[in-house]
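Per-chain numbering from 1; labels A, B, C and D assigned in written order.
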Amino acid sequence: MDAKEIIARRVALEVKDGMLVNLGIGLPSMVANFLPDDVDVFFQAENGVIGLGARPPEGMEDADLTDAGGAFVTAVPGAASIDSAMSFGLIRGGHLDMTVLGGLQVDERGYLANWMVPGKMVPGMGGAMDLVAGAKRVVVAMVHTQKGKPKIVPECTLPLTALRRISLIVTEMAVIQPTEEGLVLREVGPGVTVEQVQEATSANLIVQDVVQEMKLA
Amino acid sequence: MKRATKVEAAAELIPEGSTLLIGGFMGVGSPHRLIDALVERGVGGFTVVANDTAMPGTGIGKLVTAGLIARAVVSHIGLNPETQAKMISGEIDVDLVPQGTLVERIRAGGVGLGGVLTATGLGTPVEEGKQVVEVEGRRFLLEIPIRGDFALIAAKSADYKGNLEYSLTAHNFNPVMALAADTVIAEPHTILPVGAIPPDAVKTPGVLVDHLLEREH
Amino acid sequence: MDAKEIIARRVALEVKDGMLVNLGIGLPSMVANFLPDDVDVFFQAENGVIGLGARPPEGMEDADLTDAGGAFVTAVPGAASIDSAMSFGLIRGGHLDMTVLGGLQVDERGYLANWMVPGKMVPGMGGAMDLVAGAKRVVVAMVHTQKGKPKIVPECTLPLTALRRISLIVTEMAVIQPTEEGLVLREVGPGVTVEQVQEATSANLIVQDVVQEMKLA
Amino acid sequence: MKRATKVEAAAELIPEGSTLLIGGFMGVGSPHRLIDALVERGVGGFTVVANDTAMPGTGIGKLVTAGLIARAVVSHIGLNPETQAKMISGEIDVDLVPQGTLVERIRAGGVGLGGVLTATGLGTPVEEGKQVVEVEGRRFLLEIPIRGDFALIAAKSADYKGNLEYSLTAHNFNPVMALAADTVIAEPHTILPVGAIPPDAVKTPGVLVDHLLEREH
């Protein structure tokens, strides 16, 4: 199983029945593939659909039904079309139960940086700042290191996405929960040791007695 | 009653240097015929307020390629390398605004609010230069209204009173932009007789729409 | 012709083709009865319909279609249902071309008081403050005096409705236009002299060379 | 999926002293069966946020008569002499809010804004005790959010996901209130199978609705 699949499978376990969930583009969108059948959730895309479904069969695409990345999608029974004011009203107003986003850095305060690298990459924040500021739970799904360099750091050096402590970090090596006391290591990846996680992390990790190995959906 | 306008005549209404609110999300729900007519005409220097600049060859991306945009107020340019290159070269002045804040600023401009308070952007570069207002012990950014000289919006259908319906994820910024410009030009896929759109289905009341483009051929 | 009919007929002449108009309850609502046939307007009621029509025939009332006073109405072809946020978005956002309201007092600054008499009548402002603050034109339709006491006064003694100079006062005795210089007497009622208007008015009136007699629709 | 609730069971959910957002405009679009059940049950001390208190014997007027309201945050009480009498006797604490401001304050509470700026109420008793904020040389009142413990709303139809449609002037405050309470109880005239409401017709996405009343018999 590659790193991305491990992450997507682990994040899928965070999705509970009845939730309204926003999945970011890329890795986070893979989470939808690993949900148990008995979990009844609505996926929201910030461009304006609640009840996002799978890709349509070829030839059945609709130019007016895409996800936030512009890819063709379908709508499940009971879906709703909303405009951007309602879409972000739901996000900022705390109606979104969970958002799963990628990350460039997360620090010991639980702050996320995921929208720009000054001088290199300035794509714009899109909906990320509203999602991180407003969703009930913010789960960051990312590979643990970037070209060997830790992404979980003492303090973000990149511009922050929001002044909000995120809820959970899921990487292929670990599940880490930001708390008021700092970053608590909750689980390690398949075959990964606590020491290996610590080596790949420049932030201080709080290691409690029991660190379980990740369950995967 | 509104007589439908030819797309070339609608484009002629728009002077050089105008501020344009343009609907669409990665090109979905953008007024494509109007954009093509603007490119054909070649008058530019526009300030464009929109969710994004789409991709080269799509929607607002065509205005970027044609060099008609002097300033862009958008949430995201990540999928249009031309916009990024023109931002770096200084040809386009890019103002990045969080997506939820952007839609609320346009709404505020449309519904006569002097501004709105949001936590989105606090502690990030978005905070720079903005008034911070405290309400019941919590800090918020004061975000001020945006209005356009013109709103260029797309719709699923119109009637000859200008009432508009939208489709699925092609709603996005269109309904809010219809509130916030001195002149609103709507590009519907089809135009129905007055009375054919039930009152409960109208998302943009016709009184907001100044010009209606002829239906597609 | 009684005083109210004179007022309603004169106000009707202020309604121009293509306008969106809000008529208050009572006297203002009579204006709709005197519009010329060739004037195509939309009436808005603040409770949420654009395209208010006449009373329905008996037996064809709908419990979900009333005006702001709770009376049954119909909807004209091309009508739109809107919620209160959109309704007051239109009002406060300057999309309403004209509102016609009753008045308790208007003063030399052109300020209106029409929503409470401290200690006597505290019905609440309803939509009046938004209408007066936000509509493009505010026309006050009222009888000239209240039990012989002038209602057009040097300075309102009752709590104001808004800090906004209204556009026109229409009574059975006069048409008066508030301006930066003060209240200009534009027209006198049928058979009424300038002196009679001045006697019934405690505010200073600016009387120019030509004061015409009201035309009535 | 939401199982429809009996009206008595829904009323039982609401503790004494709760803050209730109640839809309706002069009784049109109010949740009449819920109101009757609350009167039947007799638990009160409520803070009611609504456009008005209707008339004795109608809608919210029944809660007034039954003595269940301790505080009313409304735009208008003019047509309910009982509310006025109870205000004067001190039984009900009445907070009068301009209608457009009231709906924006509820919307702000629902969409996570810290407040909105409006010119409505400037220079009137509404200004008292409020922060005045200057934006580009213009003065505005800072109006802060309103939220409820419960929103009691009426709708034309629902599906079993909780998606709601509204009818004509029965929209009014209902769609906005659905955003702004911890628990939302919806009273539809009818309940349709999931999928029977087209996505573009949904005005309140089902994710906002916690309890659905059984359809009328």
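By our rule, a contact is a pair of C-beta atoms (placed from the backbone, for glycine too) under 8 Å apart; a residue touches a chain by one contact, two chains touch by 3 or more.
Keep in mind that what you see is a predicted model, and the values were worked out from it rather than measured.
Novice: Going by the contact rule set out at the top, which chains touch both chain B and chain C?
Specialist: Both-contact set = D.
Novice: Hop distance check: chain A to chain C, minimum number of steps through touching chains?
Specialist: Minimum step count, chain A to chain C: 2.
Novice: Going by average Cα coordinates, which chain is farthest removed from chain C?
Specialist: A
Novice: Can you work out the whole-Å distance between the CA centroids of chain B and chain D?
Specialist: Roughly 32 Å, centre to centre.
Novice: Chain A to chain B: how many Å between their CA centres?
Specialist: Taking the average C-alpha coordinate of chain A and of chain B, the gap between them is 29 Å.
Novice: Report the inter-chain centroid distance for chain A and chain D in whole angstrom, where each centroid is the mean of the CA atoms.
Specialist: Centres of chain A and chain D (C-alpha means) sit 35 Å apart.
Novice: Counting only residues that touch at least two other chains, what does the list for chain B look like?
Specialist: Residues 104, 107, 111-113, 118-119, 156, 166-168, 199-200 of chain B touch two or more partner chains.
Novice: Scan chain C for residues touching two or more other chains and write them down.
Specialist: Within chain C, residues 49, 75, 81-82, 85, 88, 91-92, 134 contact more than one other chain.
Novice: Are the chains arranged, by touching, as a line, ring, star, complete graph, or other?
Specialist: Graph shape here is other: it fits none of the named patterns.
Novice: Go through the chains and record each pair that touches.
Specialist: The complete list of chain pairs in contact reads A-B, A-D, B-C, B-D, C-D.
Novice: Chain A touches which residues of chain B in the complex?
Specialist: 25-29, 51-52, 55, 74-79, 84, 87, 96, 98-101, 103-104, 107, 118-126, 156, 166-176, 203
Novice: Touching chain B in the complex: which residues of chain D?
Specialist: Residues 104, 108, 111-119, 131, 133, 135-136, 138, 140, 142, 144, 156, 165-168, 199-201 of chain D touch chain B in their complex.
Novice: Under the definition above, what is the set of chain B residues touching chain C in their complex?
Specialist: For this pair, the touching residues of chain B are 1, 107, 110-113, 159-161, 163, 179, 194-195, 197, 199-200, 202, 205-208.
Novice: Which positions of chain A touch chain D when the two form their complex?
Specialist: 20, 40, 42, 49-51, 75, 77-82, 85-86, 88-95, 134
Novice: Considering the complex alone, what residue numbers of chain A touch chain B?
Specialist: Those residues of chain A that touch chain B are 45-49, 62-66, 68-70, 75, 81-85, 88-89, 91-92, 111, 122-130, 133-134, 159-163.
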